[in-house]
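Below is one structure, written out as structure tokens, with a few remarks after it.
Letters A, B, C and D mark the chains in the order given here, with residues in each chain numbered from 1 onward.
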Amino acid sequence: MTSKERIAKKAAEQLVPHSIINLGIGIPTLVANYLDKDAYYLHTENGLLGVTSVAEEDVDPLLVNAGKLPVGEATGASYFHSADSFSMIRGGHIDVAILGALQVDSKGMVANWAIPGKDIIGVGGAMDLLVGAKKIIITTNHVAKDGTPKFVEECTYPVTSTRQADILITELAVFQWKNGRYELTELMGDTNLKDVEENTTAFYKVSEQLLEKRR
Amino acid sequence: MVINKISIAEQVITKVQTGDTLMVGGFGLVGSPLTLIDALTHHDAADLTIISNNVGEAGKGLGLLLRQDRLKKAVGSYFTSNREVAKWYNEGLLELELLPQGTFSEAIRAGGAGIGGFYTKTAVGTDLAAGKETKLIDGETYVLEKPLKANVALVRAWKADTKGNLIYYKTARNFNPLMASAADYVIAEVDEIVDEGNLSPEEIVTPHLYVDAIVESRLILTREGVVERDI
Amino acid sequence: MTSKERIAKKAAEQLVPHSIINLGIGIPTLVANYLDKDAYYLHTENGLLGVTSVAEEDVDPLLVNAGKLPVGEATGASYFHSADSFSMIRGGHIDVAILGALQVDSKGMVANWAIPGKDIIGVGGAMDLLVGAKKIIITTNHVAKDGTPKFVEECTYPVTSTRQADILITELAVFQWKNGRYELTELMGDTNLKDVEENTTAFYKVSEQLLEKRR
Amino acid sequence: MVINKISIAEQVITKVQTGDTLMVGGFGLVGSPLTLIDALTHHDAADLTIISNNVGEAGKGLGLLLRQDRLKKAVGSYFTSNREVAKWYNEGLLELELLPQGTFSEAIRAGGAGIGGFYTKTAVGTDLAAGKETKLIDGETYVLEKPLKANVALVRAWKADTKGNLIYYKTARNFNPLMASAADYVIAEVDEIVDEGNLSPEEIVTPHLYVDAIVESRLILTREGVVERDI
């Protein structure tokens, strides 16, 4: 399994069966591979509840997800227009949104739509999902391609919302937002606490249970 | 007074005038009125403000009008899907107004529904709410968003009946029904025109009162890209 | 023909073929009898475009108009929920609303939803229709049951909207809102100007054409 | 976690608690969840705030709960359809909040759609806008209206599939799809339950994510009035 797949699998484990899930582009899309397709309902903001994967020979160019990739239609699926779709999102009817991020900070803020110095010309549904979904899970590589931390003290990129992300999952660790701060609740694979520390500039607490276990 | 709404793309597209604001349906090219856009590339209206989620793709759909330098401004949520947009924007040749996709959809619905403005939590505290009015409602901060309206809407549906009732196909529905409600003149491009009574009254998504003209599609999106239909 | 029927017929004559019409309760409902059913599209705010009359044997208790009376479904009709229906009304997609009134005044204000001293417990779609329809035609008896004028200097009943009614049709005359006042443009049947004057306390102008004709 | 949404009226109605705010669909008795209302008359929740266009008719539908003195307040647009409402109101036994029907519908939609408030021209300058905030937008005065939400919604649909997707029957649709979106717990009474996959994805009006429980109707509205169905 690649590190991206491990992140996706870990995200899938956070989900309660029969919940309504919206998956963002990138690692979040991989989460679908670890879900029982009859027990989870995937929503895509361009207007479909009941997203499935599609075999190459069944691809319909007019049936796509929010990343404009071809998808399939589950039994019991439904289509709706964009205002109805975002009513579901903004109105709190999506149980979990799993999103990627450029940065996440100590205060729980997520930046995932714009890079300073580059043109700000696309946002899509990111802001609506971050505000509206009942639970937010961020899946991302722990550091950027240049090796700099993505889990930082304070976002230097424009934030997507002032709402905290509930869970942050990287190839190194899982962090849960609890009592106004992130708590490292689980180390991924053979990662140790020092690996996380060295690659993180954000403030976080290590959970008591985890410290207990490591003693 | 319109009795027969069935029209020819090249004729009805002349409804679009220089300086107009246009709504154009589609999520990328999916559900985009490709035949009407093609007709527009052969018509001379310029200085257009386009309300559309994207400006098509590079050289495709609305991307064709961009290359023709016919657009003054674009209002949408995700211009990244056409890599040429940034270039025009940076050279000062195209104005952009970026809205979160839910706010964009809701603003179009509001335009069609006679709503003067609405409060959303989306974008509060972000750069996209900069300069916008906010209000504290029941302890939470909301941003005021204004309705979007247009002179002409170009939408794509699956089937129309001869009265102008529309139904849509899968995720090609997207912004089309909303835009059909929010413009002074609405042109629907469809794959099939059926007799009235052939669409179930319960399944009609866009009632005929919203539709001024119907055009049969000539260009469609297939797995091989945009192609001419065999008719 | 009864006087109500004459009012309804006159209202029908004001309509442009192929327009979208919403008919209120009472005299407005009668207007349908004078319309070519293939050339007009009747909207009812409880969620149907394409209202027709229904034969007694075809009555469906779940298919009614805004007055909760059984109706039929035209070819090419469509059903929608109440928010979509009022989007059509408020959004300016209804060409003409024909409504009854308790009072209409010199300023064009209409009162048709509440009576002072009685309980104010029902409004329905009256306010939305008066605000949203492109054109408002009021059809009403010229005087109330007790003989007092309904076309008055200023409404003493609570107004339904601050928007002027475009046309007022009674069994005595037709008034058109022009340049900030009502103009009497037509006398009904053998009514003369004095009949109208004696039963009206509102200010109105008699049209030049009518004065010309009567000379 | 709900897997099987199919429920018994008498059991699921216990979700309604004393002091709750309830949305109840229907335009008069058309599209009213008569079986669920009947179950509620045999359950003891009181002090209810009812959001419904009408309070049924005298002694019918929600009119039954009124006679049982179970209602604290009613929010709707046309209470005139039940002549007993005025009596209870005048005796100080029932609070009323009257909204124009379009504002009422839109407020329920706003409640379900996460909209904090919206501006409408409806009611501006009338008694029904008294005390409400107004705003001048592009030279026109609008009144601010707030969203409506509820603890439980009782709605009536025509068919449900086993997942909880709903379609509606003719003008019995009315407020039902809106209310299904605006309550914490949604119970749908339907005439028929079909297997999933038996409703076309394009024609589904209420997607299953809005529906928590499905009950088969026992009481229906016929030409002869409210009767028990032969099942």
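Definition applied: a residue touches a chain if its C-beta (ideal position, glycine included) is under 8 Å from a C-beta of that chain, and two chains touch if they have at least 3 such contacts.
The structure presented is a predicted model; accordingly, all values stated were derived computationally and were not measured.
Novice: Where the contacts of chain B and chain C overlap, which chains show up?
Specialist: Touching chain B and chain C alike, sorted by label: D.
Novice: Following contacts chain by chain, what is the lowest number of steps it takes to reach chain C starting at chain A?
Specialist: 2
Novice: So, comparing C-alpha centroids, which chain is the farthest one from chain A?
Specialist: C
Novice: Please compute the C-alpha centroid of chain C, do the same for chain D, then give the distance between them in whole Å.
Specialist: Chain C and chain D have C-alpha centres separated by 30 Å.
Novice: Measure off the straight-line distance from the CA centroid of chain B to the CA centroid of chain D, and report it in whole Å.
Specialist: Once rounded, the distance between the two centres reads 33 Å.
Novice: How many angstrom between the C-alpha centroids of chain D and chain A?
Specialist: Measuring from centre to centre gives 35 Å for this pair.
Novice: When you check chain D against every other chain, which residues touch at least two of them?
Specialist: 106, 109, 113-115, 120-121, 168-170, 201-202
Novice: Indicate the residues of chain A shared as contacts by at least two other chains.
Specialist: Those would be 73, 79-80, 83, 86-87, 89-90, 131-132.
Novice: Would you mind giving me the full set of chain pairs in touch?
Specialist: Chain pairs that touch: A-B, A-D, B-C, B-D, C-D.
Novice: Once bound in the complex, which stretches of chain A touch chain B?
Specialist: Checking each residue of chain A against chain B gives 44-48, 59-64, 68, 73, 79-83, 85-87, 89-90, 114, 119-128, 131-132, 158-162.
Novice: What residues of chain B sit close enough to touch chain A in their complex?
Specialist: Residues in contact with chain A: 27-28, 30-31, 53, 77-81, 85-86, 89-90, 96, 98-106, 108-109, 120-128, 168-178, 205, 221-223.
Novice: With touch defined as at the start, can you tell me which chain C residues reach chain B in the complex?
Specialist: For chain C paired with chain B, touching residues are 16-20, 41, 43, 49-50, 73, 75-80, 83, 86-94, 131-132.
Novice: Considering only the defined contacts, which chain B positions touch chain D in the complex?
Specialist: 106, 110, 113-121, 135, 137-138, 140, 142, 146, 167-170, 200-203
Novice: Taking the complex as given, what residues does chain B use to touch chain C?
Specialist: 1-3, 109, 111-115, 161-163, 165, 181-182, 196-197, 199, 201-202, 204, 207-210
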